[in-house]
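Single-structure report; data block below.
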Amino acid sequence: MNTFGTLFRITTFGESHGPGIGVVIDGCPAGLAVSDEQIQAALDRRRPGQSDLTTPRAEADRVEVQSGIFRGETTGTPISLYIRNQDQHSHDYSHIEHAYRPSHADYTYDQKYGRRDFRGGGRSSARETAARVAAGAVAQQLLNQQAIKVNSYVSQVGAVAVPVSYEQLDLSLIDTNLVRCPHPETAERMADLIRQTRDRHDTVGGLVTGVVQGLPAGLGEPVFDKLHSELGRAMLGINAVKGFEYGSGFAGTLLFGSEHNDAFYTDEAGRVRTRTNHSGGIQGGISNGQDVYFRVAFKPVATILQPQSTINDQNEAVTLAGRGRHDPCVLPRAVPIVDAMTSLVLADMLLRARGNRV
Amino acid sequence: MNTFGTLFRITTFGESHGPGIGVVIDGCPAGLAVSDEQIQAALDRRRPGQSDLTTPRAEADRVEVQSGIFRGETTGTPISLYIRNQDQHSHDYSHIEHAYRPSHADYTYDQKYGRRDFRGGGRSSARETAARVAAGAVAQQLLNQQAIKVNSYVSQVGAVAVPVSYEQLDLSLIDTNLVRCPHPETAERMADLIRQTRDRHDTVGGLVTGVVQGLPAGLGEPVFDKLHSELGRAMLGINAVKGFEYGSGFAGTLLFGSEHNDAFYTDEAGRVRTRTNHSGGIQGGISNGQDVYFRVAFKPVATILQPQSTINDQNEAVTLAGRGRHDPCVLPRAVPIVDAMTSLVLADMLLRARGNRV
Amino acid sequence: MNTFGTLFRITTFGESHGPGIGVVIDGCPAGLAVSDEQIQAALDRRRPGQSDLTTPRAEADRVEVQSGIFRGETTGTPISLYIRNQDQHSHDYSHIEHAYRPSHADYTYDQKYGRRDFRGGGRSSARETAARVAAGAVAQQLLNQQAIKVNSYVSQVGAVAVPVSYEQLDLSLIDTNLVRCPHPETAERMADLIRQTRDRHDTVGGLVTGVVQGLPAGLGEPVFDKLHSELGRAMLGINAVKGFEYGSGFAGTLLFGSEHNDAFYTDEAGRVRTRTNHSGGIQGGISNGQDVYFRVAFKPVATILQPQSTINDQNEAVTLAGRGRHDPCVLPRAVPIVDAMTSLVLADMLLRARGNRV
Amino acid sequence: MNTFGTLFRITTFGESHGPGIGVVIDGCPAGLAVSDEQIQAALDRRRPGQSDLTTPRAEADRVEVQSGIFRGETTGTPISLYIRNQDQHSHDYSHIEHAYRPSHADYTYDQKYGRRDFRGGGRSSARETAARVAAGAVAQQLLNQQAIKVNSYVSQVGAVAVPVSYEQLDLSLIDTNLVRCPHPETAERMADLIRQTRDRHDTVGGLVTGVVQGLPAGLGEPVFDKLHSELGRAMLGINAVKGFEYGSGFAGTLLFGSEHNDAFYTDEAGRVRTRTNHSGGIQGGISNGQDVYFRVAFKPVATILQPQSTINDQNEAVTLAGRGRHDPCVLPRAVPIVDAMTSLVLADMLLRARGNRV
């Protein structure tokens, strides 16, 4: 299904080259101040054509609020946000109508549905994530009310990695460079790598690190809907994502229990803290009031401007090369998507936590 | 909520030291042959006390089928499986009634619910996973019908890792040693590491690799409920899991697109194949007919038999040491849990795929 | 939530006097032939301004297909249908901004959400049902494939009732008169009553009878999601509905068991039949292959063009009279809504039944 | 699916003559005082063998709390309640193994699932409602906290009806007679009718009226999950129910709008009231603070101790007569079931209302 969330719930729709894409948000409480500008600002961060590091396609991505907001506040009824596609008829996609691009969803959609809207990737296009970003901007407002801060940034491109942990970074620098990496020197090197890759008609992957600060303890549902299970599911639902880890993650498997455990203490202000945070702010699936942090692995974009061997829908060998304008690296534009999905998960968990106690 | 799955749906209940734990399976199609023995066999793989590598607690974990199976076949009505707890009153848990064990769920449950059943970890105990394993055995039967094979094995303990990929292993060897690692020499070294760790009163983590073979193309839902999103969510919902990756995973971020893409071809038998399988058998969230494989990171068990600093529910500093008998390494017993959750996800996706086409 | 259905699932959005209303259909199988004209035809049946019996408001209600249909067939992805509101700014609703219309949702929305979009009833307006009718037209296509026929008609207006059962009527006559009653003489008398009521600035209610023919046995889920529970829920979710009965209904309470039971027999063609059909084609919540029939009670429309005593949002007594153009009787326009909701329930049940057996 | 409710959610399981039946309650907030005795008391009201008006079968129906309650309070984790069946092997059901009882679920289960547990009706047995009653007792505790009062009573048996409305009755008299009718003279006549019917080896139906007092305004979800839609669905999900109406119901269709509308006013205490209550306390699907009342139609029990013509699973004509001990009239025992389902709907709506506003 195309629905995400239990109480703060979104349903997205739309294909890359149909009339438009959109999202219906259901379950947003009444009385939340939301402006078109806030939603538009989030969309602008995801928009293509922002720099020479991303696809030069220029899409305005103007959001239209179709329902659910009255006099600047949510009414409690469904909020429908719509983004019209532009120039959707101007491209020629005949080369992929019958051929399967390697590592794309062409073949699997055909296997599942017996057909697909092949224009620009149709429903499997990353364009669909614009709808999530728009919805995430509304969720974000709910978090702002409680001073919960969500940030994510590019922490690795190919083999170029930020050498320090998030705690040693100034997260306000994220949007000061094209890569969305708050470590300026590394950002430079990442940008260089992306440009070189682009010039070779190739693509490159990397990591996004997400950080949530100010989250109260008690969010997340035990057993199946753990806070990190829902975050992981949300991240793995983003196009091109191959892995998710939180807290100590995969590296934590190398520690012994005596090294990994986070000792509780009470700080001078009387707040409960842990001396380390290998738990990533989550214990037993429930937030413990410490920072939540996680890492998301993105594979290199599958569309490359080089000829590749593949098959067509008659199972015959053909050669295919990407056409048009594509991102050599999705990481910079993935940052607002990670932010949006994080915000959506947290908004949902905040509402679910209202049922914790009588 | 304590429910997992959309169409093949399980709801688990029960605390570690209450009367028992159980699961209700709803949505299992009628006419599936299921025997008590099959379910019991799966539980026996997860049972504590199997060897000196796991907790010496001896629990019989006998399953009782309370409904939904008649004359050896499912009837289409809910299948309730119940496992009575044994000796649940014999232990003394007063030391953790008011103190928070480091990196456990004690503190977060109290923050969320304002109370908890502290006996043996209550609902946050890994004992709850026995219910999942029982349900997984029923899901497994549905997969068997279609010759879908699910296997998982311990691929790393601490820094001791299997040196080859799953394709170079004989997966029928998984249960031939105590560690459940089908690479005998590595299994030996893992067992040594676990014993050393246990003797130091410490614990160690590691990785489980999951492999699905024979999966038809077309399973998985685009956008949010991608096959790998659901697998990831399922794995992250297992106690002690810190990360999930599938196909090329985190390492895939180091490849360029031209290296990472999986070229399609048609083999001699006319089957569609890919020359590499960085995709891990999933493209656009939907299975493509190749092997699905993934890795799951488990942190070292939080309960260690050493004194640790922590706080109590008055926020006062206290010292706490684990008591009783605990696993120095959960990995061997995690294997049947990974199998069960994988089977549950796939059974659900098989049923969901019935709605793909008119 | 604003979502209806489990597998064939719709989410509606939009307010009466916002930019528009719409619906997202999720779960419709791929490969279903659907044309804009089919959807438009269903909307045209519900449209206001069709005759002097309904509101003279003229709204075009043009549907725009925003996604999910490609080359005349569903793709398996969400189908978004949008209907732009017209002249939504031309009316003056200031008289109800602060006053609560009797037997409307004004007061309860304010109590629930602390605010409401008061223009034309906002989200509680019957205008929202246009979205359901559009979605129902898609569901209808799924039923057509299996030769399942859904019909409903006005069987009573005020005290004027059709004197015979549905079996004695020619249901092809439903749309041959303005009232949508297939019993021509009664239709005349109903039309007279509606005109008289309108001229008295009053409103009148009545009954709609629904009939489903050609439904296969085995649809419906036991226990909570019985076929008639879902039909009842669907009907009770239509504005102004006060009651639902199926088969023998309320009158059946007057029969003894020996009179009420439907004896099974096998007809000449070898088909299983029942001699009577007090069960209304449903036994134990599951269809038995006989006709399904039910009745839906609609109260008289709350908006009357007479002054009424009420209170404002300061709890002060005020007098209020309906303004503008309103339906004196919703029954004729309720018929396509009953058809739509019936089709949506059945489409959902058809998909759910795919999971019945291995 | 066998799950009811969105946030206060129950899943029932079990067959009439398997080991037992049960229910898992998920989503009940932590900190609710619940005792085994409260649950048992509710079950005792539904238990067979209470008087000569109901089946003389004597079942103890002892509830076992398997999880979710610790030291007399809910913990926020799933509450599992189990009721062991007694003497489940002592009866002979061979006569219905292959024959279809008229107006029972035998035929439809076979059509749906291709098999059924025929012993005592299996899953379609009214015995399953014991699980709902047990769960309803927990929901009831949540309502008690807010002084919401749920009552229902038998208002009609066959043609014998209570001659006054619920407002003129003393609802504390409901349990003072065997019929559960708070109008003593009518109760006598009802009892007589039931006895006469029983002696004729026949069965009789009737009506249950439900009343909810003290419900705050603002409960219920607009559009699909209206308060009365959910109540209606809940009631129609009870075995033998053929119809549901609330407020003015079917009779309200005979009124004109000017007669039917409920005028708001503010009473001396400053509370918002309506002069009439044709709305049944619900406007636009949301409670308005007035009494909620509704009526539920029950058909006569299908099992009669007379020979009836029917067919077997080879579609051959056979004659079948009910055996053993059965209720001549389910109404008295339906009262606690109506109470339970009402309480479950309201508990769910109370939790859902927590998300109304920021």
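All chains are identified by letter, namely A, B, C and D, in their written order; residue positions are counted from 1 within each chain.
Quick note on the criterion: contacts are C-beta pairs under 8 Å (C-beta built on N, C-alpha and C of every residue); 3 or more make two chains touch, one makes a residue touch a chain.
Computed from a predicted structure; not experimentally measured.
Comparing the two chain pairs, does C-D have more C-beta contacts than B-C, or is it the other way round?
Higher contact count goes to C-D.
Average the CA atoms of each chain to get its centre, and name the chain whose centre is farthest from that of chain D.
Centroid comparison gives A as the farthest chain from chain D.
How many angstrom lie between the CA centroids of chain A and chain C, rounded to a whole number?
Distance between chain centres, rounded to whole Å: 39 Å.
Could you please state the distance in Å, as a whole number, between where the Cα atoms of chain B are centred and where those of chain C are centred?
46
So the centre of each chain is just the mean of its C-alpha atoms; given that, what is the distance between chain C and chain D in Å?
Taking the mean C-alpha position of each chain, the two centres sit 26 Å apart.
Would you pick out the residues of chain B that each touch at least 2 other chains?
Residues 1-3, 12, 27, 30-31, 76-77, 112-114, 123, 222, 356-357 of chain B touch two or more partner chains.
Which positions of chain D touch chain C when the two form their complex?
1-4, 6, 12, 100, 102-105, 107-109, 111-114, 123-124, 128, 156, 158-159, 197, 200, 202-207, 217-226, 228-230, 232-233, 236-237, 239, 242-250, 252-266, 270, 272, 274, 278-280, 282-289, 297-304, 306, 308-311, 315-317, 353, 356-357
Spell out the residues on chain C that touch chain A in their complex, using ranges where they run on.
Where chain C meets chain A, its residues are 1-3, 9, 11-15, 18-22, 24, 26-27, 30-31, 64-68, 70, 73, 75-80, 82, 112-117, 122-123.
Please name which positions on chain A make contact with chain D in the complex.
7, 27, 29-32, 74, 76-77, 142, 145, 222, 351, 354-358
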